[in-house]
Structures are given as C-alpha cells and as structure tokens.
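For clarity, chains are labelled A, B, C and D in written order, and residue numbers in each chain start from 1.
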Amino acid sequence: MSIFNKFSQWQFSKDRLEFFSDAVFAIVVTLLVLELKVPRLPHDCTTQEIINSLRDIVPKFYSWVISFFFVMLIWLHHHQIFLMTTKSDYGMMWINIILLFFISFLPFPTALMGEYPHQPLNVTIWGVTVCLTTLVLNWLYYYNTHNYLSDTYDRNSVKKNVRLSLFAVPLIYLVAALLAWVSVYISYIIYLIVPFLYILPLDKEKKADSGTHH
Amino acid sequence: MSIFNKFSQWQFSKDRLEFFSDAVFAIVVTLLVLELKVPRLPHDCTTQEIINSLRDIVPKFYSWVISFFFVMLIWLHHHQIFLMTTKSDYGMMWINIILLFFISFLPFPTALMGEYPHQPLNVTIWGVTVCLTTLVLNWLYYYNTHNYLSDTYDRNSVKKNVRLSLFAVPLIYLVAALLAWVSVYISYIIYLIVPFLYILPLDKEKKADSGTHH
Amino acid sequence: MSIFNKFSQWQFSKDRLEFFSDAVFAIVVTLLVLELKVPRLPHDCTTQEIINSLRDIVPKFYSWVISFFFVMLIWLHHHQIFLMTTKSDYGMMWINIILLFFISFLPFPTALMGEYPHQPLNVTIWGVTVCLTTLVLNWLYYYNTHNYLSDTYDRNSVKKNVRLSLFAVPLIYLVAALLAWVSVYISYIIYLIVPFLYILPLDKEKKADSGTHH
Amino acid sequence: MSIFNKFSQWQFSKDRLEFFSDAVFAIVVTLLVLELKVPRLPHDCTTQEIINSLRDIVPKFYSWVISFFFVMLIWLHHHQIFLMTTKSDYGMMWINIILLFFISFLPFPTALMGEYPHQPLNVTIWGVTVCLTTLVLNWLYYYNTHNYLSDTYDRNSVKKNVRLSLFAVPLIYLVAALLAWVSVYISYIIYLIVPFLYILPLDKEKKADSGTHH
C-alpha cells in the first residue's frame, strides 16, 4: 500500500469510520424504497385498476428486494471486518470511501433495472456495480486483516480464507451480469441467491480460528 | 433457532446493531413527510384555492400521522427490548434485518393509502405491512429475552408476558386491515388507536419483575 | 406528569434518545434543500434565462435558510437541555417524540411557503408550526430541569428562567405568524431574526449558576 | 472571537457535534445520487435507446462524482481537525453550523451543473459554493487549533501551516470557478483534481510535529 505510506502518521478514529459507514448504509437502504412510486391513476379508480398498476411495478419491487439484501450483507461483512480490526489508518479510510462510493451509487442501477426490467443492459449494469462493490469489500477485508488483525484471530487461517474468497463472489456476480444477455431471469435468480451464499466465507475462518485457540 | 447455530461463533456488536437500526428508523420517519407534496396551483392563486387543495391532501396527512406514530412505537419497543438484552448474535442480526426490511418498506403503503384513501385494498396493504412488522418485532422480543435476558429481569414473568402478547397486536392489525372491506373508516380509527394501546405489554412484565426483586 | 407515572419503571437510554433525535434533526436539515428544485429550461437556454429562473426561486431559497437556522437552533437547545439532564424516562421520551413530530413536519410548510411566498396563509402555517415546536421544546426544558436537573446547575435560577422564557418565544412566533395578514414581509423579517435572539434564555441561567457556584 | 465570548460558559459535547456533522455529511453524500434520474423512455425501448439516454446524463454523473469526493474530503479533514481538538465551545458550534449550511446546500449547485453542464454560470456557482465551504473549513481549523490544540501536536508548526493553507485552496476553487467563463472544461478538470491535492496541507504539519517529538 505504498501510495498511502506518507500519510501513515495521520490518526484516525475507527469508531467514526464505522459510524459514518453505517449512516451511509442506512440511508441507501432506506432511499431505495423511494423508487417504488405510487402509480398515478384517476382518483375514482377501481380496486382492479390498482391491482393492475401494482402488478406493473413488481419488477421495481423485485429490484428493491435484491438491493436491500445486498446492502444488508455488505453491512454485515463490514461489521465483521471491523470487529477483526484493531485500528484504522489513511489507506483504510480511502478503501472505505471507495466502498461507500459504490454503495451510494446503487440506487441508480436499482432504479434503472426496476424501470426497464427486460433490458439486459440494465441487468448487467446492476451486476457490474455489485461485482465492483464486493471486490472493494474484499480489498478492505484483505487490507484490514493483513495489517491490523486482532490477536483473537488465527493469521494463517484468515490468510488462506482471503486467498480463496477474494475473487469467488465478484466473479459469480460478473458471470450473472453477463448471463443477462442470454436471459435476464437467470441473472435475477442468481442476484437473489448469491447474498445468502456469500455469508459463508468469513465464517469458515472463524471456525478454524476457534479450533486453533481452544 | 437451529439454522443460525453454525454462525453462533461470529461476534456482533450490539451497539452497532442498535445504532444502525436507529438510523433506519430516523430516516424512515423523516422520509414519510416527503409524500406530503405541495399542491401545484397557478402562482397567483387565491387563499381559498390553497385551502381547498390542502383539504385534498388531508388523507395524506392522516396517513403520515399514523405511520409516524407507528414507527416511533416500534422504535420505543426496539429500545426496550435491547435494554433487556445482554448481547447480540447472528440470529438476532437477521431478525433485526427482517424488521428493518418491513420498516423501510412502510413509506410505500403509506403513500398508496394517502393517495387513494377510499380504496379498501390500500388500507389493507398498510394494515398487513404493520401486522407483519409487529409480528417480527415480537419474534425479536421472544428471541432476545429467551436467549440473552438481562439478570435484572424476572425470566418467568417475561415468559408469561411473551406468550400473551405474541399474537394479540398483530391479530388486531390483521382484523383492522380486513375490516377495511366493510368500511375504511373503521380501519383508520383502529390504526390510530392501536399504537397507544400497544405500549402496555412490555410494561406489565417490568412491574412483575420489580415485584420479584424488591 | 401523572399520565406517565405508571411507566416510570421503564428504563431508557438517554444516549439513544439523543442519538435518535440528532439523526432526525440531521435528516430534516438536509432534506430541506431538496425543495430547491433545479428550474426546467430548454437545454440550449441562455445564461440570462438561468439567472431569471434562479430569481424565481429566491423565495424557496429564503424559506430554506430560515428553516435551516431554525432547526439548528432547536438542535443547539436540545443539546443544552440534555447536558443539564441526568437521566431519561418514559415521559421525556414522549415529549421528545412530539418535538420530533413537529420537526419532521417542517419540510412541508417550508415547501408551501417557498412555492407561494405571497400567500399569508402559508406564512402563517410556517409560523404556527415553529411556534408549536418551540412550545414543545420549552415543555421538554421544563420537564427535564424540573425532574432530572444535574447538580452542577442552580435549581432556583433555572426555575426563574423557565418561568420567564416559557411563553416568550412561542408568542413572538405566533404574533409574527398573524402579522403575515398585514404584510408577509414583516413575518419574513421576524422569522429570520428570532432564532438569533432565541439563543439567549438558557445562557442567562448558566451565568446565574456560575455566579452561585464560584 | 469576541462575539462568542458571553456564551463561553455553555457546555458542549464534542462527540455530539462530531456525530451530528457526520450524519449531515452522510446524508448529503447519499442524496447526491438521487439527481441521477432514470431516463424516461417507452417501455419497449431498445438497448441502443438506453445507451443514448445514459450518454445524455454523463454530465450529471460527472457532477455527482466531483461532489461525492469533495464531501468525502471535507469529512476527512473535519475528522482530522476534531482529532486535534481537545474540547468544543459555542463559537466552534456556530462555525460548524455554517460549514454544514454550505455542505447541505451542495446538492443544489450539483444538480444545476449536471442539468446544464455547458452554462458557465452553473459551473461558477458550484465553484463558489465549494470555495466558501473550504474557507469555512479553514476557519474551523484555525479556530480549533488556535484555542484547543491537543498537546500531542506542535503549536508552532500548526500555526505556520495554518498561515500557508488558509487561502490557497479556496483561492484555487475561486480561480477555477471564474475560468468557467473561458472554458467550462478547464473548471471541470480542476474540480476533479483539487480534492486529491487538498489532502496534503494538514499532513505536512503532522510530519513537522512527529519530527519535533521523536
């Protein structure tokens, strides 16, 4: 991390970094729902007309759901990573800012995909955005565990785990993003499933660690 | 909570969970007001025209009020539950995420009900959303007090209280949601009253507890 | 505060109350700017056309400024009040919720006044909203200092100060709100000045206190 | 800071000031993306039409990027300044409020510049806004280090640094803002580069400090 070296004498508060990131995660996750716009109908519309117009926004609802759970899982991992980390520095600040950059961008591809759900381009844009987000998250994970790993964790098992997980999840998202050009439905299914698989990697290294210490 | 068992070795910060939830509650409660859109009138409109157009958005105002107090009461209970809880784990994280999922969805049914206040379907959708929200809140209450109840509380009275309250409030909301098909006004009245009744359950068990310890 | 008595055995975290309020203040103060909508012009518009359309939104800008400083001053006083307070209870929670209710409503009268700045009705609605907000703030000030005043403050001088300040500021706002029917410009001037006068009351009692203790 | 003198006996919590500012920074940085509106096209539009309409919003995307990094750098410096500061007072509160005033205003010039990117006036408005923001940040830096500098910092090197940096960055932004009338592209390039240069000043004084103490 040579480019950050000359700033290494700056002090940073890990608490304030975590707090700021949490605020951004919370705002993004809540803003996402604003894209679920109430359909514009005549005020004396029938129940059937409302049902039909709600059916029209099902893709928006689906986009919201996958983005919501994606942000929550980034938050869960962010949380985990910082519990494993003893202190913060300038490099960590910047990697975190890049992570927040992608997270705060997410409402746009989510809205685009919800508005034109059958366009493979939009599905790909969402996938590439989350692919890059997970890539930066992994960078943060590598940076923090490499430099400031808490003593309660086993360095070797963390290292092995980092090597395995670093490209797996971003790669899956990239493949899913490209498969949209075959069928957008394949992408949609993978987008919903991956978050629930992605929670595993960090856990494995915790097990190894607990096996080492007890 | 067997499905969460294998993650039980993860560490979690109760503080960060509370903080993150508070941020989501605060954002949702503040975003709700954005649905109170300023009426579009000619710029040389008369005072009477403004009064008329404000009268048109009374249903939006009413929707905002009941959603505001609903979120505040969920916040108050969330607060109480976590004061009774000694630590957090992976299962608690996920139940809390599901709670935030429903809370962050609330602006949509609120807007829908405010826009088409005479449609029973919209009134039902709002009712079902808050019914599910209180159900998840009760799940969180059960999970936390069952697994990590602070020693200053009496386990037996909490247990009895949980059994009584677990389905009462969600059931009232469900009934109110269905009554919208008889008359939306019945639902509106119940929606406003229930929050102010719902504050009671947790209190009873505190009394029992204070009777046990002093 | 008899209606709150039976809840007096609930525990509350003053920190979480302050945090939650701060989040609401921060969101409201930031959302206010969203009402400053970019004018819709043809994309090949001239600089002169942009200047003209910016001139049209000067009233919106003015509304934003007075609401911004109003919220900041409520925040400053909220901050002061809670530094004087040793603990929180159920009644305090509810008074604070009512304060947040009015604060989170503020974007609506701000937008209404900015959109139709010459309508006395809108100017009055803004004034009445902030009048009620300061009234609730004074209620909170009375409740906290009466029940949980920190030992570092002199009870007598606080009490005297409360009696003096409790109705002065809300009354000024009410008068200003009504004067809009004579001329909206009088109201606008008072609205901008009052916040900068309103910062005084709490200060006086601090001086008395420092005179008592040193 | 004579006008603040009579308030100097107020107490203030540095934590709550930092927290509140962080919340405002986080909200502003996240709201900025809402200006990236999804293009309105017919629902059976082609991929090519989407690409074209995305190309149209490239200026909005660029405006978002420079505003995002500008806010993050203000946050980084704010963070640094408060780590150098031992306590807070009434004057600091108000300088900070003025800083938040400009930060919370930023979404408007960002939207204006993104909407009409070829209008020098809009590019100038953005530049003047950030010029004033950095000026207030420097005021805060001067005020805090002059009055409440932490003992771990060398007062002389901080003082020298303040004198050097106080007008350099705001001046660069002002010049860039005016150069928009020659060519908006020159301004756009400077706007993107400056944040990455601006991170240096505080660092130099830390070096001097570490040279003094070790």
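Here is the rule we use: a contact is a pair of C-beta atoms (placed from the backbone, for glycine too) under 8 Å apart; a residue touches a chain by one contact, two chains touch by 3 or more.
If you're wondering where the values come from, they're calculated on a predicted model, not measured in any experiment.
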{"item": "Identity of the chain that, by mean CA position, is farthest from subunit C", "value": "A"}
{"item": "Copy pair subunit B, subunit C: interface residue numbering same or different (half cut)", "value": "different"}
{"item": "Distance from the mean Cα position of subunit D to that of subunit A, given in whole angstrom", "value": "26"}
{"item": "Geometric centre distance via CA averages, subunit D-subunit B, whole Å", "value": "37"}
{"item": "For subunit D, residues that touch 2 or more chains besides their own", "value": "19, 23, 27, 31, 34"}
{"item": "Touch list for subunit A against partner subunit B, complex", "value": "18-19, 22-23, 25-27, 29-34, 36, 38, 41, 43, 45, 47, 50-51, 68, 72, 75-76, 79-80, 83, 199, 202-203, 206-207, 210"}
{"item": "Subunit B to subunit A touching residues, read off their complex", "value": "6-7, 9-13, 16, 19-20, 23-24, 27-28, 31, 34, 93, 97, 100-101, 104-105, 107-108, 111-112, 115-116, 119-122"}
